[in-house]
Amino acid sequence: MTDRNNTPIAEKGVVEQVRKISGSVWDMTIHSPAIAGASRAGQFVHVRVSDGFNPFLRRPLSVGPCRGDYLRLIFVVKGVGTRLLAGKHPGDIIDMIGPLGNPFPAPETDQYPILVAGGIGMVPLLLMDNQFVNSIDHDFLLGMRSSAHQTVDDVEIKRLKIVIASDDGSIGYHGTVIDLLENRLTELKRRKIVVYGCGPVPMLQSLKEVCVSRSIPAYISLEVSMGCGVGACQSCAVPRADGDGYYLVCRDGPAFRASAVDLNAGGRS
Amino acid sequence: MTDRNNTPIAEKGVVEQVRKISGSVWDMTIHSPAIAGASRAGQFVHVRVSDGFNPFLRRPLSVGPCRGDYLRLIFVVKGVGTRLLAGKHPGDIIDMIGPLGNPFPAPETDQYPILVAGGIGMVPLLLMDNQFVNSIDHDFLLGMRSSAHQTVDDVEIKRLKIVIASDDGSIGYHGTVIDLLENRLTELKRRKIVVYGCGPVPMLQSLKEVCVSRSIPAYISLEVSMGCGVGACQSCAVPRADGDGYYLVCRDGPAFRASAVDLNAGGRS
Amino acid sequence: MRVDTSIRMGRLDLQTPLLTGSGTFGYGDEFRSLVDYSRFGGVVTKSISLEPRPGNPPPRICETSAGGIINSIGLANLGVDGFIAGKAGVLPVDETKLFVSVVGDSVEEFVAVVERLEGVAGISGYELNVSCPNVRRGGLDLGGDRDAVAAVVSEVRSVTGRFMSVKLTPHYAVIGPVAEAAVRAGADAFTLTNTLSGMVVDAESRKPLLGNVTGGYSGPPLKPVALAKVWQAAQVVDVPIWASGGIINGIDGIEFMLAGASGLQLGSVLFADYDAPVRILEEMIEYCVRHGVDRLSDLIGRLEV
Amino acid sequence: MRVDTSIRMGRLDLQTPLLTGSGTFGYGDEFRSLVDYSRFGGVVTKSISLEPRPGNPPPRICETSAGGIINSIGLANLGVDGFIAGKAGVLPVDETKLFVSVVGDSVEEFVAVVERLEGVAGISGYELNVSCPNVRRGGLDLGGDRDAVAAVVSEVRSVTGRFMSVKLTPHYAVIGPVAEAAVRAGADAFTLTNTLSGMVVDAESRKPLLGNVTGGYSGPPLKPVALAKVWQAAQVVDVPIWASGGIINGIDGIEFMLAGASGLQLGSVLFADYDAPVRILEEMIEYCVRHGVDRLSDLIGRLEV
């Protein structure tokens, strides 16, 4: 993994819009020109969710599809931090550091990219899709538990031609996103492929297996508890696949070559 | 000091009315039949100000003039606890334990009672006055910093014939309530007097001196930080005048014979 | 589903894992009109010394910014003779078990207090407080010395057959050696932990908030520290552990049981919520129902590491 | 009114009392684009050992219910040679003073690390970390043993003339003896304190929240404990004290100075608020103006007891 190639920016963004996508999924647009302008798919912002120190730590959130000076965060309300965030109103100030970490590498010119997302893991891939701006042909596969757990709305699914799978069949293909991936790999078997994945660890494990066994290069984005977000505290370790210690997700990731990390230990999701 | 002669009652009162008297002084009426019915002047309730544990401890507040099933608390907003209390609305439930501690002893039949209050210290004396129900002739003296720090409203001052002193002369006599007391003692010098005092420690020290030097029995009510409020934790110590250890304010007080306690150490106000 | 809340601890059967934290529940009679004693497996008294102790100058209690409290009672207590004379008749021995907390400045003092209490019926056992942060007068430096702790335990053991828990301070970087030494000396259980030494300053007045400057820090901020000590001790000794530190709800209790505790002491929480034993037991039962656990005791030490 | 924020500490002059807490500010260069280094009197690096250390399994950080955090980094670091090769050129030695935190499993390791660092220009001194709760591998039990601490200090003293602070654990019931021994052995200062040993359990999953089960507990809940240790140490030794534990605002800083600290380390707070050094210094100056204090250093040890 390369060393962090960008300089973190501290910016106080202004909330432009907050809306609920479904169930506990929220979509927030923030005016944050410096960070929005510098972000690449796979990077994240470290967000201070309260004005005081309760909760104490910032929350890492992937940079979603930016548009000009506007940053988009899409998140699931999980605990106290994301709940506070969902309660923000237009005009509220949000203290953020970003863009942090290493982005996904761009596909090489002869590679056909497949974006493989599980649940809320589609956020960095939406930005990736955005970056392709119709100029790069690609697939976007998204798995979810059920239609009640939709993380992108129907308009966007249609616009981005996202292929959906759901565990209960309530929307799209009845099965996992890995099934979809395998089908596509079979269909596309004469092309050079590169896979970009983000989602829960078990999904990433399957993704890694599928790609490694077919010698397809795959990049995945990881989540792990963080302190500083800037490579100073070593809180965000993920074991290296070679057994030689750890990478730091905030500095060496969050996007990693799938073969470089050990997904059996560590990480939470 | 006698041992606690009453049994604490746990009662969830219902706020009937909350009103601001002046500046940071609030007056709250609570429907709390069991505690209101059992309370005597000088006793206090131990009030849980939040539903959770922030702040952690209950707040001790003197029982003010009760009327039937209704308890009155009058308090100064000092910190987080009293601020939360002032923010309660009619219908809110307040978890209280009371009545706690020893009340002021009733005056003997041949004693002329003088109630001497400093600032918010008038609360237990209002209940005392209430208990006299016009049947006992007495004086009620009240000292305050200025008219801006008024703890009783003008109607009540008139009704109860409270004689006021203020440090800056902005209301009533220009001077201290102890000056008022000394004047009255001179005027009443042929009568047997008993003094009941409550207020800041320096005022109580002067009161004690004045009364001890004239051999007038005096009872005072003390404030000190408390834990349990029921005599179990020994948090609320006040040094005995005889040097032999401590009394517990929640069990042996809050009303003490002035000569029994050492006012030079301990206590906060 | 009925959840069995009884806990067997060595020779003892307690109706629930809940106990009181020494010093927060007086001598056991003060809360009569407020608390449902039947929810307690046992009540632990204020620590009792040989002679009466007046305690520290006031103020003796304050709050900390992170939601805890600090006390510097200084072990004010009646002394063992005063306790026996004044309280032996009113102890709550019918509704629950009674444990007397014992404190001393020397091995001899611990032994002398226990010897006198041996004559009092209805006492189920002792808790040896070798960990109070508020008193330190030469003699024993119990706050850290393994040999001193072991000496107290073995001498007390020689004068009583009753159940005996040893209450340790959280001010051990490593708790294993002292725990092992105490078990060898005859401890039946550990109480983990006493308060941390702490202090609050008021910057405006430039004064400490406690008359004694420092005091014992308890309540929710203590919980992670006590949890670590319970878990660490449970790795090295095989006797029951009574948890003490920041338990304010049923989930806290479950966490301590998973970490290895079989007793759960309610201390500071009682100042805020007299109904805590009822509420906490309910919350623990609810957890058990949700997780299909029939017996609370099945959770002890079941942390998945 | 201008308030003088400079602090003289023995042989050192610092432009402000603010320092970074070891391990929360990396090797001093990671925060370049975010933090105003000129507000710091000094920067203390992550603790550095002789060999590189990989650290503990993840997760390595979590929050506690009472508003603190717990980490179990396990002293992951580059090793002294990696530090010298990779970081010596980018250290912030122009804007502030640099202190290197040193850790080891043996007296020899401490000495070896310091010997190598002696060759690096721009280092103003060392902080000896004899108190990490996350690593304990035989050899030294530094978390409690006065003689072991004194041995480390005197051996390191024999190889360096640089300023040397000794960072102690809060897990001492009594801090006096170890502080006195360290001063006799040549300590120029103390850092009080490192984290408490703590742990968080998730009752639902029955798992600890940290890969290493226990970790170091820091943030606001630690403040009362660190304050007590600073005050207790200030009563017995006469060297500068660097406070560490829960400082999140200027009033916290003032409280520690009143208790006896002349340095104030910002640790966990930096994770939440990168602007903390600027804000905290402002808040302290505001306090001084309000109280008519011209020099921050006039507040040191001025608690009215």
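Chains: A, B, C and D, in written order; residue numbering restarts at 1 for each.
One rule holds in what follows: a residue touches a chain if its C-beta (ideal position, glycine included) is under 8 Å from a C-beta of that chain, and two chains touch if they have at least 3 such contacts.
All values reported here derive from a predicted model rather than from experimental measurement.
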Intersection of the contact lists for subunit A and subunit D: none
Shortest walk length in steps over touching chains, subunit A through to subunit B: 3
Chain located farthest away, centre of subunit C as origin (C-alpha): A
Chain centre separation in whole Å, for subunit D relative to subunit C (CA means): 33
Approximate Å spacing (C-alpha centroids) for the pair subunit B, subunit C: 35
Separation of subunit A from subunit C, taking each centre as the mean of its C-alpha atoms, in whole Å: 48
Junction residues of subunit D, two or more chains touched: 67-68, 219-220
Arrangement of touching chains [line / ring / star / complete / other]: line
Touching pairs - complete list by chain label: A-D, B-C, C-D
Residue ranges of subunit C touching subunit B (in the complex, touch as defined): 23-27, 30-34, 46, 52, 54-63, 67-69, 71, 73, 76-77, 211, 219-220, 248, 268-275
Subunit C-touching residues of subunit D, taken from the complex the two chains share: 64-68, 70, 131, 133, 136, 141-144, 169-174, 196-201, 203, 205-208, 213-214, 217, 219-221, 223-225, 227-229, 231-232, 246, 251, 254-255, 258-259, 287, 302-305
Contacting residues of subunit A [partner subunit D, same complex]: 7-10, 48, 53-58, 97, 224-239, 244-246, 265-268
